[in-house]
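Listed after this line are the structures, all set down as structure tokens.
Both complexes shown next keep chain A, but they swap its partner, so chain B is in the first and chain C is in the second.
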Partner chain A sequence: MQQGRILFLTGLLAATCAHADTPAPPSPGGVLRLAGTTSAGTLDPQISYMHVTYQVEAIVYDGLTTFPKTPGPADRHAIPDLADAIPTPQDNGLTYRFHLRPGIRFSNGHPVTAEDVAASMRRLFRVNSPTAGPYYSHIVGGDACLRDPEHCTLAGGVIADNATGTVTFHLTHPDSEFMDRLAFQHASILPADTPAHDMGNTAPIGTGPYRIVSYEPTSSMVLERNPYFQQWDAEAQPAGYPDSIHYTFGLDPESEVTAVENGQFDWMEGVPLDRQAEVGRRFAPQVRITDSLNVFYAALNVNEPPFNNLLARQALNYAVNRKAIVIYGGGPTVSVPACQMLPQGSPGFEPSCLYTKGATFEHPAQQWQAPDLEKARDLIRRSGTAGQHVTIIAPSAAGHSAVATDLRDTLTDLGYIASVRTISPVAEFAYIQNSDNKIQIGLTGWSADYPAASSFLQTLFSCATFVPHSDNSVNISQFCNHDIDALMQRAATVAVTDRAAGDTLWAEVSRRLMEQAPAVPLDQARSVSLLSNRVKSDVATAIYGAVFSQFRVR
Partner chain B sequence: MLLVLLKRLGQTVFVLFGISVMVFLVFLATPGTDPTSRIAGKNASPQTIERVRHEYGFDRPLPVQYATMMKKLFITQDLASYANRGELVVPELAKAAPITLSLAAGAAVIWVSVSICMGTVAAAFRNTWIDRTLMMIGLVGLSIPVFWLGQVANLITQARFHDTWLFSWVPGPGYIPFSESPLGWFRALVIPWCTLAVLFIGLYARILRADLVSVMDEDFMRTARAKGLSPLRVLLVHGLRTSMISFISMFGMDFAQLIGGGALLTEVVFGLGGVGRLTYQAMGALDLPLIMASVMYSAVFVVLANALVDVIYLVLDPRVRDGR
Partner chain C sequence: MASLALLACMATASLCAPFYARDIAHTDPFRSNVAGSFTLDGQQIDIMQPDDNPLHLGLSPVGPTWRAPFFLGADSQGRDVAARLLYGGRNSLLIAFFAAALCMILSATVGIFAGFFGGVLDMVLSRIMDIMWAVPVYLFAISLSIVTIAQGLKIGPFTIASDNLLLPIFIIALVYIPYAARVVRGRVMTLRNAEFVLAARSLGVPRFRILMVDILPNVTGSLVALAPLLTALALLTESALSFLSIGVQAPAASWGTIIQDGEGLIYTRPMVAMAPGLAIVLVVLALNVLGDTLRDALDVRDSRRENG
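Take a look at the complex of A and B:
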């Protein structure tokens, strides 16, 4: 069965690539019907941190910059959106002056002004945007806004000039990813008079080709055309094809697949493993497999035995059979074995596999080949940790449980007394982050907000992202190495003026990090979607997934 | 009478208080369920987390948090979900209730009528092949898990035979309001009704048969027969009425439990946005306000159903009435 699925999906990989053509000129019409399992949560683009919302609101809101909404590689950086160009950094990367494109209007007819941009930047602090701290607090005045959001002015940080349509940003330190961060949905530009609180079920006014006209979090969302939208850039925010988009929430994935097969819906994402063979065999031209920047990994707590021992961490990396992990993930067409915490396609990614048969730290392999149990057992013997109890914490979801069981068997082979503890997926992510829970291994995944090496390496493994006793401490491994921290800082600084040199340094960070083995990278997943036969053409990107405005329906 | 009502009201309040305290404390005592981190978002800065904690009142003493939640749930009715922050849980439950009511009522009509027929026929022909066949069918229905039956029903009606004349009339998963299209409402619900009813038909038919058989030799049945009444009249009018007491008692509890969200699996499998699925979603998202509201809602129905069943006892069984 498993083999069958792999063959079917391998066979249709070529077919899935064929859809990635440059979209034809818009020929509007039709209703696009989407099916989803979970609702979108709050619609406030400056607060929401869910994939569903990110995907839908990509065609509702714009930032000064955005990510291309056309097919292409995953590592493309931000392009101008409401701004007419990416500004040249001034003052050694501390100042950026944007000029707004003229004539762009919100869906209420009001023109977009420089003051709207400044107000939106202030608002993201006032509404406690999740990324206000990590992404935007280095804007001059950002720290003060973080401490006292209600009185946030960003004075001296964001200076708007309505007369000339320019907005000037001043930063406290250079940031090579500032353009990407402005392209993230939390920096969406909203009218200056948007209330400074979570808008919940009411979508704020936007500038994209669609506007959300109704939303019931547990059942449905309807998008209709923004009557004031005029396409300004086909790559940044292309005009939409469907007249309206109806999103239905709450179906289980099995029912979604059946409903799309029957033509009752036009799109669903996340075809369950047990249906992949069926859709591959019967609906191959309607299946889409999309690359995305993510990594599924086992975080090893470097402050708890036995993984406070470097040799034990390295041993587990050598021993884990990624081939099995890939099979649990749906086969090689939809899952790629991971050798490092930086996913393939990410800026700074260089093929390098330290922990595979035949590889050494001096001569890493290009890709994972096979586990090296002999070397792993030798390392365990030298570490003196055999016989210790190890508990794996995993989300209580079918695929994750299988991986956890496989890891348990590997640990048992290495001489540990291993067990698995599964926890509700929602609680697990918070549970493994909190150092008070003293986890040893936590299974989890991470995906990028925007294409950058730092999104994985710095966010997950820098000293600053380990917050003891907190459910919000994404450095689950509790890893803190000041040399690697300094190298990450250097990579970020160099990239301000020389992105290629920065990427080379990030590749070095990735290698150095894996030498310390604070985690066991397992695999990188591709997203599998199913379209109805009403869909004539579609577009998907690594950051947004499906770009719904570019779906043409019969 | 007034005293009985007041007593029942007092019991209801006590039960609701106990359940709500238990839900509240169990939720907060579970590691990883602190809503602050999920509301603040992944990788939020410590300052943002503190702000969220303060704004949502999670930094206040537990009794205050509990009292505030109860006030928002029962008095001001503006308790909002932690997962979908614009969603007020009371109106959300009010929207879901008619869906669950439609599902449970339709299934109840099927299971009550079919099980009465099955139980009565089995009792009338007791110890014959008809009796054994009917009871075996009932046992099979009783043994089939509803989520499996639902998936198989979906597989047949939505996938394998959806394009044939047999099931092409079945709409996609989801609910169609009666006000929008009575025919669509019926079509969307008829398969879920049958699926949900199967389990109860088996159970109720067996219970009714057993009760009917046990009353056959009672004095009042002998008297009825001695009066020269026809066997059919004796069975249906005298026997069935008395035997319906356990039936009604069970029905009251089961129906209340279904209305209160017990049809969770059926609702999830068929994509019906009722109270059960709302509870399921709330549990999946660890959304305390919605969990609390749906548990309270369910508890109210169970307590009310208990009271209603007591009243129906009085009507049905003269012995209960006379004994009071």
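Take a look at the complex of A and C:
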């Protein structure tokens, strides 16, 4: 199950950017020093759901497919990695047959076999990977594995043939995103004898150009070269430049900025808002601004007054001043006002803004212009909800509290008696998901594990993702519209054979969803990173953000 | 006199906060206004100003204009810092004054009873004071604030909401009781054996009357001398609690909350944090000078009485 990880995953899906100097021959060597605020938690690639791990382990592990680690226009589409090609779907999209590249070895010297692939897919269920259910349960046998992970066999679902190096997947229904899901970190291929439990602070063996040789969760992680790595595809898993990578945890972002400015570290991500002007002035060539596929939004509970009233939901969408939201987010350079739940750059995104001054449902604007308080007040009057109490639940982080306070003022302007309740960021996301808490507005964010419209629209607003009484119900709005559900299903099905037609349908889903206004999209954030002057060149891709293996240091 | 004049100025200015906000700055200091603008010298100026660096990174609230509105600039929510400083002064001074007054009443009661009656009562009260005194004052105050800030304070049928100023007043008064009570107790123990008290006892004057007529008036001097110092301590403690978000609650302001507002702007708009910091320094300095003056003055009067 995906998690609302925008707080942790800023930059997970960073837009393509590369900042190479003038062409120069690769000069491997050196130590790359990274600074981070929090550690990576468990290192188990099939369990971890942290941005730090995702970014680091992209150069430690491989899947059958992956997303390109070199920037380019197609770096949001899965490409073959350990497999030698993306297979053509058979049986109307129910069967995929992969053939492994020959000669690839794990960092312990053992060759990668088809059985390793099958075992890794089974292990994914046995260790209760958080995405086992939503991403992989449609592999034949997946349901049984979810029910009884310990005895998971995926019989009939994943068939390995070591002699020919082929692995065949059988699915219960077609899935246009199956290649993306196999490229996700949780489908990393590990040796078949990897213990079927959370490996915690011990990194399992991988196939990438680096291996994790030490890890202290509270202080540091060290990566060194994998002695058995030989580049098989410069796009899928390029050879690395630094001899070793040292990641230090536990610094606050302010200290990280100062340390990178002083050359004590080479990279930090998430320059705090109050330091952005400073780094922009003094260190502009060393600053990287990367787009992210994320959306920060206010979920409106469609089952609780006053937002069980469509007019009230639409009114709040008209009234919210997204100019203020962008300012809270750091200004227009690092924040873009959001008009829909599908972020810019996502497949299926078409510029369309229903709730802005001068727009109508028949003639939406291209982008957000200004709030329309007059229309909002009219809708509130017609809804008959004015005077009701509304409580906004927000994470107790400074930026979120400010947005919540602004929303409270807007609600007050509309005639509600509004208040803000802040909850620790760690607990807030679980709290607002649980329908027992009867929240009215919950402030949160969402970023996708891979670029797909369904990651936002279907995951956040389909009937299936609303689980009453559960802390793990990402459909926070409790929205369930069977017509829109059917349209989402159709879009997913069409995309198996015609991605462009699927994207068109997803755009239609996005528009119809916003007509129902189960949420108030607020903004889409960009990530700001800072490099030291030791870094000669660096690479960032749409999916991984910084690709550390491609950093060259003096 | 200078310290009294300064305190009077600060108090008066703080009392005029609504007038300044409404009639001079024309602003609501409790409402976010990041997307707003104002007119200065005939020019429309955005409250949040983009930085002119090559990457256009960062936004800063408008700096001091040295005239209304935004005399001291705006904070990160686009609110007028000067107006909030005045409103914050009302809360900070009010909490400090009432916390000190409550503390003096409670510590006088404890100190007088412990010092005058002695024995088991003194032992019990003194040990309680020792235990309270053993806990660092700020740690004690922070602990109490964290416990009460989430749900407020419920005492029987009465509930004090978490944003009620009574909470910091009670907490600050409580943590400083040992500080003042020990002074009072020591003074009372000296007075208990003074000739005029022994004489009153030998004449059969009831103990309560001795307390009220002979002891209390002689302790009052010490308490009055302590009052400014306690007020200064209370002000500092309130600022610390509010800085940590466990004192005065948003959207209300105190000097501590304004310093917190300015924390993230320390590189770009230092005035947001400096202005309330300076106000605290001035008031605490004035209170300390006043306390020293009062102590010198009252010590003289007490010695005359004892010698007389």
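The rule is short, and it goes like this: the second predicted complex is superposed on the first by the 525 of 554 C-alpha atoms of A that agree within 3 Å, B and C clash if a C-alpha of one lies under 4 Å from a C-alpha of the other, contacts with A are read in each partner's own complex, and residues count from 1 in each chain.
Operating definition for what follows: a residue touches a chain if its C-beta (ideal position, glycine included) is under 8 Å from a C-beta of that chain, and two chains touch if they have at least 3 such contacts.
Note that the structure is a prediction, hence the values are computed from the model and not measured.
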Exercise. Applying the touch criterion given at the start, work out whether A:Y328 contacts chain B, chain C, both or neither, answering first, second, both or neither.
Key: second
Quiz item: Touching A:V474 in the superposition: chain B (first), chain C (second), both, neither?
Solution: first
Quiz item: So, does A:P130 touch the first partner chain B, the second partner chain C, both, or neither?
Solution: first
Practice problem: Check whether chain B or chain C contacts more residues of chain A in the superposed model. | Solution: B
Exercise. With the two complexes superposed on chain A, say which partner A:Q344 touches: chain B (first), chain C (second), both, or neither.
Key: neither
Quiz item: Which residues, counting only chain A, touch chain B once they are in their complex?
Solution: 38-39, 41-43, 47, 49, 128-134, 137, 146-147, 149, 198-202, 216-219, 248, 250-252, 254-255, 258-259, 261-262, 264-265, 423-424, 426-431, 433-434, 437, 459, 465, 467, 470-472, 474
Exercise. Sort out for me which residues of chain A touch chain C in the complex.
Key: 272-281, 284, 287, 289, 321, 323-324, 327-328, 330-334, 398, 401-402, 405-406, 409, 528
Exercise. Show which residues of chain C lie in contact with chain A when the two form their complex.
Key: 31-32, 34-35, 48, 50-51, 53-60, 76-77, 250-251, 264-268
Quiz prompt | Residues of chain B touching chain A in the complex | solution = 30-34, 36-38, 40-49, 51-52, 55, 80-81, 83-87, 92, 95-96, 151, 154-155, 158-159, 162-163, 171-174, 268-271, 273, 277-278, 281, 284-286
